[in-house]
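As written, the chains take the letters A, B, C and D, and residue 1 is the first residue of each chain.
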Amino acid sequence: MRIGILTGGGDCPGLNAVIRSVVRSAATHYGSEVVGFRDGWRGLLEDRTTPLDVAAVDGLLTRGGTTLGSARVAPEKLHAGLAQMKAVLAAHGVDVLIPIGGEGTLTAAHLLSQAGVPVVGVPKTIDNDIDGTDLTFGFDTAVSIATDLIDRLHTTAESHQRVLLVEVMGRHAGWIALHAGLASGAHVTLVPEEPFDVAEVAKIVEDRFGRGDTHVIGVVAEGARPLPGTMLVRDGGVDEYGHRRFTGVAQQLGDELERRTGKEVRTTVLGHVQRGGTPTSFDRVLATRFGLHATIAAHEGRHGQMVALRGTEIELVPLAQAVAKLKTVTPSRLAETGAFTG
Amino acid sequence: MRIGILTGGGDCPGLNAVIRSVVRSAATHYGSEVVGFRDGWRGLLEDRTTPLDVAAVDGLLTRGGTTLGSARVAPEKLHAGLAQMKAVLAAHGVDVLIPIGGEGTLTAAHLLSQAGVPVVGVPKTIDNDIDGTDLTFGFDTAVSIATDLIDRLHTTAESHQRVLLVEVMGRHAGWIALHAGLASGAHVTLVPEEPFDVAEVAKIVEDRFGRGDTHVIGVVAEGARPLPGTMLVRDGGVDEYGHRRFTGVAQQLGDELERRTGKEVRTTVLGHVQRGGTPTSFDRVLATRFGLHATIAAHEGRHGQMVALRGTEIELVPLAQAVAKLKTVTPSRLAETGAFTG
Amino acid sequence: MRIGILTGGGDCPGLNAVIRSVVRSAATHYGSEVVGFRDGWRGLLEDRTTPLDVAAVDGLLTRGGTTLGSARVAPEKLHAGLAQMKAVLAAHGVDVLIPIGGEGTLTAAHLLSQAGVPVVGVPKTIDNDIDGTDLTFGFDTAVSIATDLIDRLHTTAESHQRVLLVEVMGRHAGWIALHAGLASGAHVTLVPEEPFDVAEVAKIVEDRFGRGDTHVIGVVAEGARPLPGTMLVRDGGVDEYGHRRFTGVAQQLGDELERRTGKEVRTTVLGHVQRGGTPTSFDRVLATRFGLHATIAAHEGRHGQMVALRGTEIELVPLAQAVAKLKTVTPSRLAETGAFTG
Amino acid sequence: MRIGILTGGGDCPGLNAVIRSVVRSAATHYGSEVVGFRDGWRGLLEDRTTPLDVAAVDGLLTRGGTTLGSARVAPEKLHAGLAQMKAVLAAHGVDVLIPIGGEGTLTAAHLLSQAGVPVVGVPKTIDNDIDGTDLTFGFDTAVSIATDLIDRLHTTAESHQRVLLVEVMGRHAGWIALHAGLASGAHVTLVPEEPFDVAEVAKIVEDRFGRGDTHVIGVVAEGARPLPGTMLVRDGGVDEYGHRRFTGVAQQLGDELERRTGKEVRTTVLGHVQRGGTPTSFDRVLATRFGLHATIAAHEGRHGQMVALRGTEIELVPLAQAVAKLKTVTPSRLAETGAFTG
């Protein structure tokens, strides 16, 4: 058999581990070959490939990013290029395509699947917002990096009796903020799923200093937003999903908190460091298992599906189901975090 | 309400995080008090306590080990001391006891529960061998440390064209070896669940060097054992579960491999470093959620149970069920690892 | 003897290690006592103290920040408060004062010394810009954190064929940028000591992509500035040393590079994470040795001096000499970095 | 010009960084070529080479081990092979040889230099025992790893009220033990330079537990040895320098301490993990600077020398001087550590 593979969307620790896993298990188990398309769907559209054998994936397990490259393509281009992509796949003798990516990539995978291309998807999202799987690789690494850095900020905040706001990734789902907040003992955690009340945040700050506490750490998802009317937020327009975008919410909240409480507030935006570098052992295991099970599904003819973690096992879920909606933080999980606020 | 808490068995990253979580959620949510018993069941038998308020648990989230101390007590002493323990709990006005520990501690918890003491258990095992929960805290930290160290050993092995065997924890279950092996790209992984054939391991070594590979990394659970008759192993007697114990299996396998293959073999025993120090973010989150849900269960009268991770949610399972058997590595999980052998 | 101790200026990994070292060596070697003044010189002016015995410093070796707190005081307040400070020191029976801090703190220390107060200074600067000592603690930690994070950014840049600019600390001296740049294999390193030519930086970017390289990493000290006339930089006014301040130089350079080269440029400002958290082993050793030798100097009557690292030994240098000028990056060190540019 | 390069002795974080630095600076600065000999002197004797251009060293900065491989050769073979090595160098048109290695390698380098071969040495020793340079790369990484791991062991020791002995590298010089001991707050540090008195160590253990302290951490260099007559130590024969070798000194001391004090003692031998994996930022900078200055010296005709760190600058010292004696821990440095014992 001949497998095609590509990585779409933003980079993510574990992408290379999936590629290595597919190549090794295809070769060892089935004697199958793998061809990589460069720069995501664009490479498939433009017929740019890389042969991938066992030697080519040596050392990829621990390397961040994606050796295949990645680039964004507008959805309408994908629609228009359907026939072209099928022709390229046929020209390379690709029997099954394994696209690794987030919501956009999996939606495109679903499109190809409906057009008759045998596809097995591998979900990838640092934000952990793909439905149908308990977790995705990259998320644990992102939370781990954010937690390490917030650990470091604690001592600075203590020494100077400051409020420290840390902006983490998460435009539409607050999973990283939720986990990093719990893991680092944050006193406030703000997520996109629940608009925050600036007055309430200010009160937490004042209460803590009032009790003699030395500092306040707040973890703020980049997509967090204030309750309408409680704080003016500079508008960043509308994103690709039609959601309103806010720029630098942590910085703006910080300015407002300084004004209201008179305390010194500093803001740190963690940014790209959350998505780079070697994956944690957790993500390496998950990515490797995803790759293996995608390869098995490809050979067993279980197409139109996506590999998913359910409890401790890797299962298959229909692509249609996986892309139906984003997985956001539930009220019960928010309530858990509430128990450690203040 | 008044909650008693104790930590039993070997130390484990996340124990302190559970203690902090119980104390904070009991105080914040319910206005309840917590008293800690020192050195596990021994402190309960000998009436040695520590008051635990919110100030006392400050900073515990990130600290390894257990601030309450831990010590082993023989099961027969616990049986004999049942009345004594009930008297001490009554004297301190303890309404519910939350013991945190492994198989031994949870068996004792079950015993107390059957004797009418309201108990909510929290499972703890670095080895991840407690049944009824997907995972326990401490395991991710142990795998993460082992993986980091094996990453380091790779380059030494490469530079000197060596076989490197790394002995990791896991007497009765090979979960740490399985995960660290997958995460570090080990070429051989040996676990207690499946006796190994020395000839087969020697063949993997010879095949790799024969193909021009520069090195071989083997991850060996301390409880791994050879197929009867394939290798002489020095006997370490019989352990508390009646299993035969082998001493230094990695070292002995290494000697045998050197003899058979003529290659230079080095052995590293990771030992206690796997169980100490600050927990990973994953384990901090899990430990904090376990503590919170144990506190909720304590207040809601859901006793005789243990908190457990099932998928992404924390649930309760009967103590009786949790201690019925050890959770060992399944054949399907072993098969996954087999895909990356050699 | 009775020693007074205080920490001034911004926090820095290793401050607590110095405090612990002074307290332990004073107690063990000399049977002397130590009193801490809170929040730097302000605590001395306002007579706010903390007793520091061996138990109080337990665990401080690994903790970032300063347990004594720190705050900035205007130099004129210090001049005006000289008599007040002497009175407070006398009231507490302080025989020798050990202030730990940067240029501002050591200048104040020199002032007190000239006014007859026995003083032994301990140099502290993350930026490594204090003259008279090879290195100061905190610097290695900052470089180490910056390097770890830049390592992570490499893979993101590679995967997306980007230019990544990383702004690190260093307003007046580029030591952190220089070392983190060398350690992370940066393709461009910009420091305050040598104004950069935007056209030259743009050429490096174009040359690399022209040769088929996948990405460009630039490390930019926050105090780096363009050659006059080559790029418009938003002005941030004048700082306390009379130097012109620029805001967000990396971001502004990034915008300009995007405009000139048409390549995607992303900027990350590392910020406070560089100065927090547990010190590296290197900084723990240096801080501990500084504390020990300051205590020895205090007892041997060698006052008006500062401890300093010279090669592998800790020596004493006059405070007057240490504060005479900042230690900036030399042309020969810049030339070393030049060898790895592009 | 054509430069030959080889790496000798045990592997060490930073070797690859030196290779990369030599290749890049030779190409960029001088347009010179570099040829690598495989597996140390053996590759030179047997004429096994690898061409090294800028592409070949991409990514080496962060990689542990040595891409050239390393192997030990008996000194008499080197003497006998002198003419052969000169012939191989001539055949490859090598103008200057840059050997990177420890005492053995530098002694061989000196031999070649005296035989008329232009040589510039680069010192490498994890143990930091080469004379003539303040520090060597690899040492900081080893100390850093050891310190991280001892940090982890602290909490286990505390939780179980144990004595924990950690055996670190250092056969003839105790630098790693000295620095890791200071950095981790060890209560006892034992080095080869000063035989230890078991009774004294036992007294420290008893005094600490007598004062109510919860644990004792001891750092033991593998070459530490007891005062004659105080403890029976199993003999490991005589090493290549004629020194008596002891096997497992930490384990044997632990057994003895258990017997004498009745306390539970556990021993951890860190082993090979100290010498593998990615170098610290400190070691990357040092290795890169060593490589650059060796290349400059090669081109400037300053042969028969070794690059060395003196304070903050890289200088040249005669090979003859560097190999005259080992650099061991001085009494004044031992006295510093003594201040923190107990």
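Just so it is clear, a residue touches a chain if its C-beta (ideal position, glycine included) is under 8 Å from a C-beta of that chain, and two chains touch if they have at least 3 such contacts.
The chain list, named the UniProt way, goes like this: A, B, C, D = ATP-dependent 6-phosphofructokinase.
Note that the structure is a prediction, hence the values are computed from the model and not measured.
J.: Where each step is a move between two chains that touch, what is the least number of such steps from chain B to chain D?
T.: 1
J.: Most remote chain relative to chain C, going by C-alpha centroids?
T.: Using the mean of the C-alpha atoms as each chain's centre, the farthest one from chain C is B.
J.: In angstrom, rounded to a whole number, how far apart do the mean CA points of chain A and chain D lie?
T.: That gives a centre separation of 42 Å.
J.: Rounded to a whole Å, what is the gap between the Cα centroids of chain A and chain C?
T.: 35
J.: Quick one: report the Å distance separating chain A from chain B, using the average Cα coordinate of each chain.
T.: 29
J.: In chain D, which residues are in touch with two or more of the other chains?
T.: Within chain D, the residues that touch at least two other chains are 151.
J.: Among the chains present, which pairs are found to touch?
T.: Here the touching pairs of chains are A-B, A-C, B-D, C-D.
J.: What does chain D use to touch chain C in their complex?
T.: For chain D paired with chain C, touching residues are 21, 24-25, 28-29, 61-62, 134-135, 140, 143-144, 146-148, 151, 179-180, 182-185, 280-282, 284-285, 288-289, 292, 310-312, 336, 339-340, 342.
J.: Considering the complex alone, what residue numbers of chain D touch chain B?
T.: Residues 10-11, 13, 15, 63-66, 69-71, 145, 149, 151-156, 158-161, 164, 266, 268-269, 271-273, 275-277.
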